[in-house]
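Given below, in the form of structure tokens, are the structures.
Below are two complexes that have chain A in common, paired first with chain B and then with chain C.
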Partner chain A sequence: MRRIAAELALTARDARLRWIGSVLVLLLLVTGLGAWRDAARYAGEVGQVTAAERARWLGQDAKNPHSADHFGLWVFRASAPLAVLDPGTEPYTGRMVRVEAHVFNEAVYRAVQDAGPLARSGLGSVAEIVQLVVPLAAILLGFSAFAADRKRGTLRLALGNGVPPGRLFASRFTALFIALLAVVGAPLLGIGGLAVVSQEGAGWQAVPRLFAWVAAQLAYATAFLLLAMLVSLVARTARGALAAALAAWVVLCVAAPRLASAGVDAFAPALAYRDVRARIDAGFRAHRTAEANDVRAREVLARYGVSDADELPVDLRGLMMSENESHNFAVYDRELGAFFDSLAAQERAFAWAGLLSPRVALQSLSQTLAGTDFAQHAHFVWAVESYRRGISERMNAEIRDHPQRGGAVLVAGPDLWREIPPFVLQPLPFARALADARVPALVLALWLGLLAALCIPGIRRLRP
Partner chain B sequence: MSAARFPHLLRAELRLILRERLTWAILAALVAALCLAASTGAGRVAAERGALAQAAADGARVVHEARAAHERYGRPAPIKVNYWQDPTDAFGYMTYFMAAHAVKPPTPLAVLAAGQSDVQPAVMRVGFGYSTVFDDTAYEPGSAAKLRLGPFDLAFVLVYLVPLAVIALAGTRLSSEQDRGILRLIASQPIGPRRVAGAKFGAVALVAVAGVLGGTALALLVSGGLGSLDGWNGTLALLVMALAAYVAVWVAACTVVASFWRGAVAALAILVLAWVCVTVALPTALALAVDALSPVPSRIAAIDASRRAQAHFYTGAEGSRITAAWLAGTVPEAARRPDLVEAPEIKRLARDAFYDTALAGYRDAARAHALAGAAWGRRLAVLSPATILGLALETAAGTDAGRHAAFLSAGAAYRRDLSAFFEPRILAQALEPRPVCDGCPARLDFDAYDAVPSFAPSLPRAAAERQTLMALGSLMAGALLLAAVAHRRLAEWPA
Partner chain C sequence: MLAIRGATKRFGDRPALDGLDLSLRRGEVFALLGPNGAGKTTTVNLILGFLKADAGSVRVCGIDAGTDPIGARRHVAYIPEQVALYPGLSGVENLRYFATLAGLDLAKETAVALLAEAGLGREAHRRPAGSYSKGMRQKVGIAVALARQARLLLLDEPTSGLDPSAAADFSVTVRAAADRGTAILMATHDLYRVREMADRVGVLSRGRIVEEIAPRTLDHVGLERLYMERLAGGAA
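Let's look at the complex of A and B:
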């Protein structure tokens, strides 16, 4: 402990730590508070418009239920509380869906569409700062751990005093790790704590998510600290250590993530959305022609053993709409189900692509723990679709079960509108996130283990 | 040493650099990255061309099927055809059949940069079927992880990795000699630091420029991603010069850092931090500035407004009143036909006109924001060498935000053109319904499928040339400025 305290005192006196720490804390706080302000504004807007939409739905005039189905409503996806730290997929996926008859609408208006190209440069969120800048900070703090002493000749002095190299390494590593805890862990916990306390987080289990998330970021930072100390153990000069560590940073944090992106696209391609939409259109086209409609109408009459629609115990139009929707639901389930499955498979491939770069592994792990991953988006999209189908089915059933004779049109009122509950989305539970996080967490642990294992022979061979 | 001996010194430095294994390793890695990037770019461009061909085929299929249906329903038959199944009804065709697309074709240099193409589609289906609030509803959902990491395209390699390669080649020149004590030996010769630095960094610049330009040309040739350059040769030549100037900026930056005489460790650290600032931190700051100068209008507020308009239209007799007023303004002679107010197609046209008026302010604000954001982005991009080169590559590739903003406006104008084409035909059919024949299921007689206006795509060659020229000027100014600073600082050897 005394040795650690001494190393800690040395580290604290190092001007590099003050500079690096100040810049990092400032960057994290400015970005985090900006994201928190935006999240609060978005949540306020969503709350207001959701209430207004509910009032509009309930307050609509008496009309045919199918018209009410077309009147529909908009639903909005609330942000995860930890999106302030890691927005994950949220800026790249729409968060507003028009719920209306017949159409499985896309979630529209992605923040990235409005942000412009400069916003994608790499430091737009706290998570991106951690992924790109924190490794650089760890390298700049750790590259001289042994190489500089070796150059100055003080390493000979330290080893000559009988300190085992392993203990020397452990004390220096611990001191630098504590420094990282202070300049990275503390601000992250502070911003995350503010987000958790100030936002509506029902169902999110935000506190355990926050601790798991911060732990993942620190594990990532530690990997780069180990990398810097490894090259410091091996390199003969501080210059060599810095050059090697920076080269590793460029490869792992800058080039490899985009290579991973190209690789995943090549080896686990997702279905092209326009092909999926084309297949859906084709699936509908054949079904909605006048001839197909006529055949189905005659089948219904034959099923009930009547020759005229007015003799049916149900409303023909309502029944056919209901059956049409069932057909459409099946087409949507088949085509969009396959599409979402292919995207989920690609996301899983990205988790394994973390073997190329710890940054890729962290990105996958971080967004999963923050609740801003693709699984949460898919959950939202399908929950909205299920809600939409619920409305359509109820409205069609109302028409079907109240047959109108002689061309009369059924009119329904507020009693029917009230039967439709408000849209409420329960986020996927934290346990699901932990299950999804297994692969990226394992990959990140492999990086940590590999770098720690590589340090061992370096420590054994440590020479002045 | 006389100036006449300088070329000898330069040649000697060139030989030394070319003998270093590190030089060849860096150049080989760079060429490999360029080839991979060009290949992914070529794949992207091929996919975009495929999407355009698919859209054209879709349009042709719809016309073919409409003609077939027109013929089928134009014969007496006991079948009932609703308006949404009937292409002889102009309103039915416009709403449920027509496949009209606004398209943004790739430029001949599209392989250079993915730009915003991964979040902003090159094909938009223009329709009237279901309610939309803005022009830019359409997009192609895909892997968000891929979008977050960004594409491995030529722009990434040229803007981000080339400076790192230059730093690896030139970052410790002079400073490593200083660390090893060789600098004293050099300083004892009758030669000033300017000539030595000029030879060392000049040689690096020659190698780097040759490597980057040669590697890029090779990558483009191997990938086959370059389109026919008809009329785009000038833009390409300017881009080549801008790229050379970008390399020169980074070599000059290495020279300035070497002139600090702080040793190799400090030089490397300063250069990498400078790289982070120029390629990552500064663009992020510029994005914040663009955000502040051109705030994003609230999408949610616009949606709320659209719903208020919708609720208003469907409350009480408002819809009929609005339709009657619209009809009276559009077709005065329709006053004799009060029944038309309740015709679904007339009500829909009146409703859409009402929505358009109610949302005009929001739509204009969104278009103005897209255009202003792109304009501010162009102005502020000159503040960082990385952003100005990146923007030049994107503009040449036709994947920049400015082109997309213009494309969205053109798409909206195209929608208005289509509306102007169909509206009189729908009104004429409503005023005077004329079936194809008695007893046939076809309700009306619309058959002008081939006359439907098509979208006129544009290739922004002038904008690309202008932006590339701007990039070239800025980068040359930057390189000269840094070279002047280095020249001034390298007046004497360090003590």
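Let's look at the complex of A and C:
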């Protein structure tokens, strides 16, 4: 502990740490607080519009249940509390869906439509700052760990006076890691904590998510600190160490992620969404022809042993609509399920592509832990569809169970509308996120292990 | 304390040491005298394990410095020719920092006393080392080495940059360390200090000790003449 305290005291005297720390903390706070303000505004808007939509649904006139099903309503996806830190896929996926009979509406209104210049420059979120700027900060802190001492001559004095290189490395690494904790971990916990306490996030298990997320970011920063110290161990000069570490940053943080995306697209291509929609529409059309309807109507009459629809104990129209919906559901589930499966396969491939760069591993890990990965969006889409089906089934059941004779029309009122509960999205549990995070977490751990292992021969061979 | 047997070291085609033999006992001060390029610093680097001998062995307190340099350095204190310090730390802070990293718990009062013993004026103890002269840095280096109370003290041009008064104080300090049982190896050009401090002198030329002298049997002029003759002989 005394050694670490001595290194910390030395590090604290370094003006670089103060400058790097100040700039980094400022950048994180400005970006994070801006995202928190936007998230709070969006949450408020979601709350207001959801309440208005609920009131509109409950206040609709008395009408036939099927008309009510077409009356429809909008449902909204609440943002994950940690989207303030890492919005993940949220800006690129729709936030609201119009729920109505027969129609499989897409989620619309993507947040990127409102993206400002900062977001377009690639530093729009705290996560992007961590992925791009924090490695630079770690490099600027670590590149001189030994190279500057070597150049100054203090390494000769230290090693020549019995300071074991391993002990020197360990205490220096610990001091710099503590510095990273202060300038990276503390602001992230602060911003994340603010997001967690100020946003309603039932079911998100936001506190353990936050700690796991911050731990992942620190592991990533530590990987670059180890990289910088490794270069510093072997470089002859501080300038050489800085140049080599910056070159590694360009490769790992800029080039490799592009390469990983292109590689995953090439080797694990996702289905095209327009093809998926075309297949869904074709599946619906095949079932919707007049001939197919007549065949099914005759089958229903035969099943009940009657020759006329008026003799049925149920309403033929309601029954036919239910059967029609069942067919469409099966088509939709099959085609959209295949589409989502192809995207999930791409995400798994991208997580393994983290072997090319710790940034790729972190991107995957960070979104999963924050609850902003594609799995959460797919969960929202399925939840909305389930809600839509619930409404249709209830309305169709009302029609089916109240057969109208002689051209009479069934009219329902607020009692039926109230039977439809408000849409509430329960997020995928944190345990699911931890399971999904296994591969990227393993890959990031491999990076840490590899860099630490590479440091060992450098430490053993450390010379002034 | 120190046993060098047949140590050979080449840098490319150029031999730096050529079968060097040297041994040093407890409480003995040995001076390696030689011109630039004679192999003095290479010898020091071999003892510290910063270099590995191509042939022969270097043992510090029985530990092979080639195969276990960290173990060997545990018994060594070292003052380089150019003592470098952290410019933002004061002399006391620098001394305590190096001592702490070496595993010593050096109280502030002890650090102040060691710096005073090394000849650094008290008014300089709290000033940032960035404002120190070469001689002042050298004195902090001496204090760093003294703090370790090592069994072998290596001095590479230790009086370089010291004013005459400080150099004289340094001689006293070194002799006191030797009297406490520390073996001292000093690589230097300074014939005057050699005669004052050393028990034995090895004249190093082209990587070999060409003459071993008991310096106190000669006066300064005699020592200088003998040194020049041996160098001329070694170069022949």
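The definition used in the following text is that the second predicted complex is superposed on the first by the 459 of 464 C-alpha atoms of A that agree within 3 Å, B and C clash if a C-alpha of one lies under 4 Å from a C-alpha of the other, contacts with A are read in each partner's own complex, and residues count from 1 in each chain.
Throughout what follows, a residue touches a chain if its C-beta (ideal position, glycine included) is under 8 Å from a C-beta of that chain, and two chains touch if they have at least 3 such contacts.
Quick caveat: nothing in here was measured; it's all calculated off a predicted structure.
Touch criterion met: A:265 reaches chain B, while chain C stays clear of it. In the superposition on chain A, no contact is made by A:170 with either chain B or chain C.
Of the two partner chains, chain B is the only one touched by A:350; chain C is not. Of the two partner chains, chain B is the only one touched by A:246; chain C is not. Touching more residues of chain A than its counterpart among chain B and chain C is B.
By the document's definition of touching, of the two partners only chain C reaches A:154; chain B does not. Once both structures are placed on chain A, no chain A residue is touched by chain B and, in the other complex, by chain C. Against chain C, in their complex, chain A makes its touches with residues 2-3, 6, 9-10, 13-14, 152-154, 156-168, 171, 463-464. By the touch rule above, chain A contacts chain B in their complex via residues 42, 45-46, 48-49, 52-53, 56, 59-61, 63, 67, 71, 73-74, 76, 88-89, 92-94, 96, 98, 100, 103, 105-106, 108-110, 112-124, 132-133, 136, 140, 237-239, 242-243, 246-247, 250, 254-255, 257-262, 264-265, 270, 272-274, 278, 288-291, 293-294, 343, 346-347, 350, 360, 363-364, 374, 377. In the complex of the two chains, the chain C residues touching chain A come out as 48, 50, 70, 73-78, 80, 82-86, 88-89, 93, 96-98, 100-103, 105, 141, 144-145, 148, 150, 154. Across the interface of their complex, chain A is touched by residues 33, 36, 40, 47, 51, 54, 58, 69, 73, 79-82, 84-86, 115-116, 119-120, 123, 130-131, 134, 136-137, 139-152, 156, 160-161, 164, 168, 172, 176, 179, 263-265, 268-269, 272, 276, 279-281, 283-284, 286-287, 290-291, 296, 298-301, 303-304, 307, 310-311, 314-316, 369, 373-374, 377, 380-381, 387, 390-391, 394, 400-401, 441 of chain B.
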